[in-house]
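Okay, so chain A shows up in both of these, paired with chain B first and chain C after.
Right after this comes the complex of A and B.
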């Protein structure tokens, strides 16, 4: 079997396979197929946030924690952007991860986005499968410095950490849709900087707005319990606890059960990642989230959603490439020309191409 | 199958803290369409070999200004070989006396670039070396 050395922990074989997978070679595809039955064991942790919030330093410290306190094998996939013009990239996340060198229980792989725009590379999910099969118990995926809508990570990870830092934006930034919504754990890094209270307050009020049916609310300064109204619950547990695409029509167990355990309120953890402050608390929050996922049935729901989006992505790519090869190629070019001349809209062109009646 | 990218590890072994040259080269290689893994200052040979292994690079570019190239270069080549990566081409940029250059080439260093070397030259040589 091709992949035996990888299952046995050969790091060179693992590294080479990642290259094959990244380049989408036939060998890479065969190996992925062989490895797939060995996947599904790792805890996938996404780390996202704006550039300069300290994601890499946080990943460095979190990994040290998992190595020293839990003795878990950790793989890190660090994604940085490719240039849209030259296709080149400078991948610099390792600079902040030098503490992890010399440890065979850690494997760091840098990855360029190669044209993807959702904060990950197209093959990031496949990398996760390879590391999972190779026995890495924790897989940390660090996204590109993300702005507002790079939310693919929520579809891939079990637990998504959104990293913020003081001084990056006012309150209105915090109520926009997008990246904050996908957080399972919110980190305010660089907590020694001025303005940390404002950042924390803004995040907290955002969370309260996002969770109108939260059981415990502030009422005239007092904490009181309110009931979760059944009509809102399914929406809540889908949107808040899962935060994924494919919500509609995805009949996860959690969407029909309304219990306390279904509700996860993202905790806000303050850290100073360069000094390791707040890291044990962060690791604890991640562990609690994992426990919550298992309790609520969301672990399998997320697994289902992830594999569904992976299948969709592969299918899309395959259909597109099948369409663009062979006889359809000329028709496609012809349709494109018509669209460029404004003789036809893209919608019309797609419809005609799919019906196979381009004349 | 997508196009194969040239992956380059740019590393600064040794103790000098001047990484401007390394950054200029990293940027130039990026603009030439390569994927550059930048590891930062004060890397030991062990750290460099480990990064090269994990990143499955085609090329390692070392920036050495400290004069320690005769100690660092053979050690790094040895570690790459021990990891089964003797195919990796190793280039050195920095201050290398004329007398040392032939010795380094004999050890297996693929290219040596002093002050005034053009980035075009480095890019061309890398492309040629990994063909």
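Right after this comes the complex of A and C.
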């Protein structure tokens, strides 16, 4: 078995495999298939937030905490928008090395955001599998920004932490709203800065806006809580439905919205990451969320959703490449020319290509 | 023809169609097919940048300029990360309405970033087609942030404007590097703020890092410039190759790197958008870029790249849905269960599904 050194914790082999996976080499694919049965143990933690919130230093401090207090192996995947020519990713790693270097229980890997989004989320997922199989118990996926790609990557995680900081400009507010939906734990970092109360208050009121959507409704003659927040994906609905089914079979006669194991209200944790303040509290909130996930059945629902979207991505890519390598290549190019000449729309072209009635 | 009112400039019909397109309704698809032959005339301008740079007010001022000075019809597509429950998109529109309301030559439409990224870029592309067919000569696609999704949406545009502002926190630097690659025009907005010289200097040095990659090499016994900047997509390489072929046939005996029509060094424009300062200069830079695109052949190369990726997206989706609606649905669910039990990896599952050897 080629991947034995990975399973035994060989860092050089691990590093080499990550490069193969990043380059989508056949060796990388084979290794992933071999390693896959060894995955499914790690706690995947997503950390996201706008630039200037101090995410990286928060991730470093959290990692130090997991190392010193819990003796857990930690992998960090930094999804970095810096482009290769600036060496941004490398520089970022070097800065981190000061705190975390020489510790064999920590592995840091940056990933440039070059390439397609689908590809990025797919590669992040593959990295996660490698670290998971290699025995890293905590895998932190750090993303910069608050765009849709961050949301997609956050979907990979069991627990998503959204980091905010006081005084980051005027249209930050809008970002919060979008990103709040994916937050399991909220952090107000740089809590020694002026305006921290405002930031916390704004977060709290947005949370209140978000959570009245957890309504109490009657169903099958029995009181149930239904999460009517639009779910992040069909898979999430599946997860929610699963949770509800579980609850329906629950024998406990009454439960309040606050105490319901199926409902998680994201806590707000204040930190000063440069000084390590608030880090144990953050780790505790993450632990509580993990417990909640297991209790509610959401842990396996998220696992399932993640693997389904991975399978879909691979399958979609394979279908397209099979379609184009067949006799369809010429038809495809012909259809494209017609689209470019505005003789037909992309939709028509796709329909004709699939029905084989070109011309 | 159902879309006649759109072509005649009926705003209510336009608004209704955009909703149909957003919901991906059959009527919307039919209308898109009808409208498609009328597209290909608009100048698509992408505007992106981090939160707090004042993008929206810049877009408003630029729109006013196009209305007052050039008498051009302008459509704005605001890709907004605000979630539906906060009403962020609606609020944003209302603020804009103060400046631009009552002008029939302006149409503003927000689009929430909910849903998949692929879907988002696809829907933005469909919106662009509708506005293009409806006779909007300038279509501005505004995105918040600097993630991969913004890059994907920027790919739709002929001219991409990246907006920066002084003093936006410490890890802004990293974002600049990634996003600079997609910039055709750079704007330093809020140029009355302290630190504007630093921001401009940082941009200039990053640009210099990026542009030595335009090297002069010998090819076929003739001096040519080759753009060795990693291209954004295979299509861009195609475009570059096209540009070079064109140049090789050019009879002008000598040209410097600066004056070469195939090379565009992004200009840096300083603006104070709240006061309209720098807006005419920005409009001029955009016009020059348009001229460059036509001269170099990049206009049609970008058009081609955009339509190819639209066709690919539609085709990929259709292939997947055809695959799953066939007899493959059960096999797919069976394969997914095996993946979830870690009996096989997503890659193996996809391979087996495609080869039809699932037990």
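Definition applied: the second predicted complex is superposed on the first by the 278 of 359 C-alpha atoms of A that agree within 3 Å, B and C clash if a C-alpha of one lies under 4 Å from a C-alpha of the other, contacts with A are read in each partner's own complex, and residues count from 1 in each chain.
Operating definition for what follows: a residue touches a chain if its C-beta (ideal position, glycine included) is under 8 Å from a C-beta of that chain, and two chains touch if they have at least 3 such contacts.
Note that the structure is a prediction, hence the values are computed from the model and not measured.
Of the two partner chains placed by superposition, A:8 touches none, neither chain B nor chain C.
Once the two complexes are laid over each other on the shared chain, residue contacts for A:18 go to chain B alone; chain C is not touched.
By the touch criterion defined above, A:109 lies against chain B but remains apart from chain C after alignment on the C-alpha atoms of chain A.
Applying the stated contact rule after C-alpha superposition, one finds that A:197 touches neither chain B nor chain C.
Applying the stated contact rule after C-alpha superposition, one finds that A:287 touches neither chain B nor chain C.
Of the two partner chains placed by the overlay, only chain B lies in contact with A:26; chain C stays clear of it.
Overlap of the chain B and chain C contact sets on chain A: residues 82-83, 86, 88, 92, 114. Contact residues on chain A toward chain B in their complex (touch as defined above): 11-12, 15-16, 18-19, 23-26, 82-83, 86-92, 94-95, 98, 101-102, 107-110, 112, 114. On the side of chain C, the complex with chain A involves touching residues 29, 32-33, 36-40, 50-52, 56, 80-86, 88, 92, 113-114, 116-118, 120, 129, 143-152, 168-175, 177-181, 206, 209-210, 213, 230, 303-304, 307-308, 310-316, 318-320, 322-323, 332, 335-336, 339-340, 342-351, 353-354. Partner chain A is touched in their complex by these residues of chain B: 1-5, 7, 26-27, 29-40, 43-44, 46-47, 50-51, 53-56, 83-85.
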